[in-house]
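In the two assemblies presented below, subunit A is common to both, partnered first by subunit B and then by subunit C.
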Partner chain A sequence: MLSAAAFYILSAIAVISALMVVIAKNPVRAVLFLILAFFSAAGLFVLLGAEFLAMILVIVYVGAVAVLFLFVVMMLDIDFAQLKEGFISHAPLGGLVAIALAGILATTGLGWVSADSATSALQSPTPEDMTNVAALGALIYDRYVLFFQLAGLVLLVAMIGAIVLTLRHRDGVKRQDMHAQVNRKREDSVEIVDIKSGEGIG
Partner chain B sequence: MTVSTLLADLQLLTPELVLAVGAMALLLIGVYTKGEAKAAQRIMTLATALLVVTAGLSVWMAQGPGGTAFHGAFVLDSFAMYAKTVVYLAGAVALVLAGQYLRAEQLARFEYPVLVTLAVLGMSFMVSANDLITLYLGLELQSLALYVLAAFNRDSLRASEAGLKYFVLGALSSGLLLYGASLVYGFSGSTSFDAIAVAAAEGSQNLGLVFGLVFVVAGLAFKISAAPFHMWTPDVYEGAPTPVAAFFATAPKLAAMVLLARVLMEPFGPMTEQWQQITMVMAVLSMAFGSFGALMQSNIKRLMGYSSIGNMGYVLVGLSAGTALGLWSVLFYMTLYVIGVAGAFAVILSMRRSEGMVERIEDLAGLSQTRPALAWSMTALMFSIGGMPFMIGFFGKLFVFYAAVQAGLIWLVILAVIFSTISIAYYLRVIKVIWFDEPSGDFLPAPTGAAIISRIAALIAVSMPVVGIIIALVVNAGAGIGG
Partner chain C sequence: MFNFLSDWWGSLPFGVQWSVSTFSQILAFMVVLLLSLAFLLLMDRKVWAAVQMRKGPNTVGAFGLLQSFADFIKFVLKEIVVPAGADRPLFILAPLMTLVFAFITWAVIPVAPGWVISDLNVGILYIFAISSLGVYGIIIGGWASNSKYPFLGALRSAAQMVSYEVSIGFVLVTVLLMVGSMNLTDIVEAQGGGFWNWHVLSFDMFPWPAFVITIPMFVIFFISALAETNRPPFDLPEAESELVAGYQVEYSSTPYLLFMIGEYLNIVLMCALMTVLFMGGWHAPFDFAPFTWVPPVFWFAIKVVLFFFMFAMVKALVPRYRYDQLMRLGWKIFLPTSLAAVAVMGAIVVYSNAG
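For the complex of A and B:
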């Protein structure tokens, strides 16, 4: 009962905020509604028992992607009113595409037959005495640890590659030298000059 | 997984662990060494030593029984051990060839040997892959390092173009491979090669599995540059720095070919009838593009590119046999090919004039008068790669064709012989330019590493007893796969 109520509330928020993303006049508000949509989707994942996905959604999408969006929207001078000018005139075509997409999704969903082995796999998504975060960790860091480490090496190569291909050491660039700054002595830079009164420093 | 099973698994991965930890240690040493030139020099030496040591390690591992590790994701059998040893040695040779070239071209940076080591690590996982995920991750680790190496000379337009072209086409091929792998997974229910073999044996007419197989083979064919997936080869060989092209033509080719052979013979062994058609078409196309494409080339690196396309065609003839005999003829041919190509690139790296590197075939004119030792080496190597009788390359072709004839692929062998004859023409053209054209200018003395490697490779190319040794090793290595 409670979970049903939570489901309806969360999905209503998700749908409304998704709609607001499209129709909001202010782009910053649109991004904020997007974040709200992500949060309610994360809530739906929790209801499904997928805490890990919910966490990832909040950390990756809200924490990184949406904040990046927000930065871009605030930093760039884009005239959103101009971008939305043709909204009404393009609406019929857009609506047609939307209906076609909905039709494709519906036919796929209705015609979907799960494979023989899928049913048995679905019946035991996680071991009884574990949360699904622990179950996923047990797979990634135990059974599939070799793949995990290999993927790490691939990322290391990507990092080295990016540095090799783009980093250029320029001469004559002033860089902060912490060591020199900290070890600076008073005598090196301050000089006490005895100036006689009335003569100036010239 | 307990500590004891983990240790038992890791024991099988000793060479890989040494390489991975070594590469990261080299990276740290390189970063903390003052002075770019000094760091590059030091890391180059250390990385070469590391590769030689791991080659020794894998020879030592070959005494052991091998086995599978990490729930069957990684397999160490005699086939993998042999391929690994050759890959490590080829990597070391590529580094020896690179040292002086990079210094002369102002490209000496310590990341080069680190990237080569990591690429070799990827190849090491490729030849030991027993799971679609290991296959993909090993392949990506290798390819990603190779993309960077191709564009290593980042201030050169041609090298950047080569790197970008290789990257885009490589990403496309990875996409094809992944699509195929997902189909195979969907229709067999597992990513493990053993389970896929069971599924393939049950339903060898399974259309989904056949589709997956086609895409996986297409993805791998990109990596061995077999036609019709060969377009990148000549451009990348020409644009990339010469030692990088030398590396591309040796170790990655062998690793990808061994991987392709394992995928076809082990998980898809029961579907030989299905994949035989694909490999035969690829073999004929590769031989045709390789022979005719090379005839008109004036750049020796492009020539080597087309030559490698053609040679992959001959290897695929042996693979098409689908028998244990075919498998070891593949290993045998690839070993001889790697030796020949490493030598030929060593000669190309010796083509330096006072104004810089030259890479046109005409620049070799009159080499017999100016540098006789180099001329003899190149002649022997060209004859061997071309498969002239009584050079070792001839025996490679002989066994590949023999395996195909034994499997009843007579017409394929007839075509292969015809293309082989045509391809002799361009190898002979190089030899004609060396011996009968007027000298157009002398080269600078060859770099020590390149000079030694070209001479050793040429000596191997003419010494027939080596054939016996390699056959003994290869027969031992091919045992236990296919059948």
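For the complex of A and C:
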């Protein structure tokens, strides 16, 4: 009873906040609703017994990715009037794309038959004799280790690509060199001059 | 009389029993936490004062013991000012989020054998997840204030907390590799038998010198905890010489109080985490007579207070970091060190089990 109530509450929040992401006028609020949708999805994972996935979803998406989203969106200077401009003129094309997408989703959804083995596997995210984490670890690092490593390599390439694209060396930027600072001697920078009175430094 | 009560309790449906007992546990724990927080806050100020050769708060109650309560009443009775142009709902939501996230993390902290509200299997991950949510209160508060200084403070804190979470995560991984479980109760139980078995020393892994890794990991965790909770010397999000008070500039009265309580709860949580992960949790330093007479919860509290004292001393002693130095420390020193430590600890665990 309790878990059923939790399921309905969490899914209602997930659906409504996903809707609000699209219709919210303020982009920062849209991102916040997106975060709420992630969070309720994590709650649904917990209800399914996939606690590890739920925590990873919160840590990776809510705790890191969405923070950066929010970071970027908050710094945008958005003119709402300009944003709404041309809404009517673009509406027919947008509507067409939306109908096409909905049609594709509907045909896939209606024609989808899940295999018997998949149904039984779905019902047991936690095998009897091990915890959720151990079961996932055994799958990822044992049976599918090659795919895992390949996915990691793809991400590494993407990361290096992003760094290379944005990296530029500027001339004339002064950087702190702690080693040079610490090792500076008194003789390097202080010169003792004997000045006779009335003559100044000539 | 009591018979009648227990009969009546037994006749209730399980859902009601569970809800009532859990809610009363949560309520009791929250009250204890808030009361101890009031005195820890006073301790923070007293330590700070003592280092600067001042007396600190000393007029309200004996030795100023009631100072925190006086502050509380003062905050609550003041008017809540919401600046014009602020995003009202988010402005109020931000401190609430900070407070709620600070409280719900405590649900998995075991303070004594069996004294834990929710004994999650993925306790460490839960703490890591919720503490990474704590940044939202600060970001939203800074943005919703619709003002420059809070916004800059919010941006600083977002970058800072995301950076130091990485090294905290790797430190957590080294500990859970040693134990082989993410359950915090399991982690504490693995450290029983005397202080030399606590993870910070971990002599029980003899002949493998695990302490070579765990002592630096403990130091990294301590410093990252300072950065993660925006404590000095990493209090750049609220650096008063640059940003007035950072994300808290526009906050007053109760919302400010909520931010303050949330922040201090997070600090005490980090102290509790260091106790649980490295210092043996509720275990006594020696496993024989005079030490085992003291109830476990006192050992836990003593260790937490000790770490809080260290936090207070750091606040009093260390000057504030520059922002680029902060980022350098997080990404160029802590991240590689903790990453290497995870690899070495993994090797130690694999080979010590094999041999």
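In this text, the second predicted complex is superposed on the first by the 105 of 202 C-alpha atoms of A that agree within 3 Å, B and C clash if a C-alpha of one lies under 4 Å from a C-alpha of the other, contacts with A are read in each partner's own complex, and residues count from 1 in each chain.
The definition used in the following text is that contacts are C-beta pairs under 8 Å (C-beta built on N, C-alpha and C of every residue); 3 or more make two chains touch, one makes a residue touch a chain.
Note that this is a predicted model, so its numbers are computed, not measured.
Once chain A of one complex is fitted onto chain A of the other, the partner contacts of A:35 are limited to subunit C, with no touch recorded for subunit B.
Taking subunit A as the reference, the larger set of touched residues comes from C, when subunit B and subunit C are compared.
Judged by the touch definition given at the top, the superposed model places A:154 against subunit B, while subunit C stays out of reach.
Applying the stated contact rule after C-alpha superposition, one finds that A:74 touches subunit C and leaves subunit B untouched. By the touch criterion defined above, A:142 lies against subunit B but remains apart from subunit C after alignment on the C-alpha atoms of chain A. Looking at the shared chain after the overlay, A:165 reaches subunit B, while subunit C stays out of its contact range. Of the two partner chains, subunit C is the only one touched by A:59; subunit B is not. The contact sets of subunit A with subunit B and with subunit C never meet. Looking at the complex, you find that subunit B touches subunit A at residues 1, 20, 24, 27, 69-71, 73-74, 109, 111, 114-115, 118, 121-122, 125, 133-134, 137-138, 140-141, 144-145, 147-148, 151-152, 154, 163, 186, 189. By the touch criterion given at the top, residues 1-2, 26, 28-29, 32, 35, 51-52, 55-56, 58-59, 62-64, 67-68, 70-71, 74-75, 131-133, 176 of subunit A touch subunit C in their complex.
The touching residues of subunit A, counted against subunit B in their complex, run 115, 117, 142-147, 150-151, 153-154, 156-158, 160-161, 163-165. Within the complex, the subunit C residues that touch subunit A are 15, 87, 90, 120-122, 125-126, 128-130, 132-133, 135-136, 139-140, 143, 151, 154-155, 158-159, 162, 165, 169, 182, 324.
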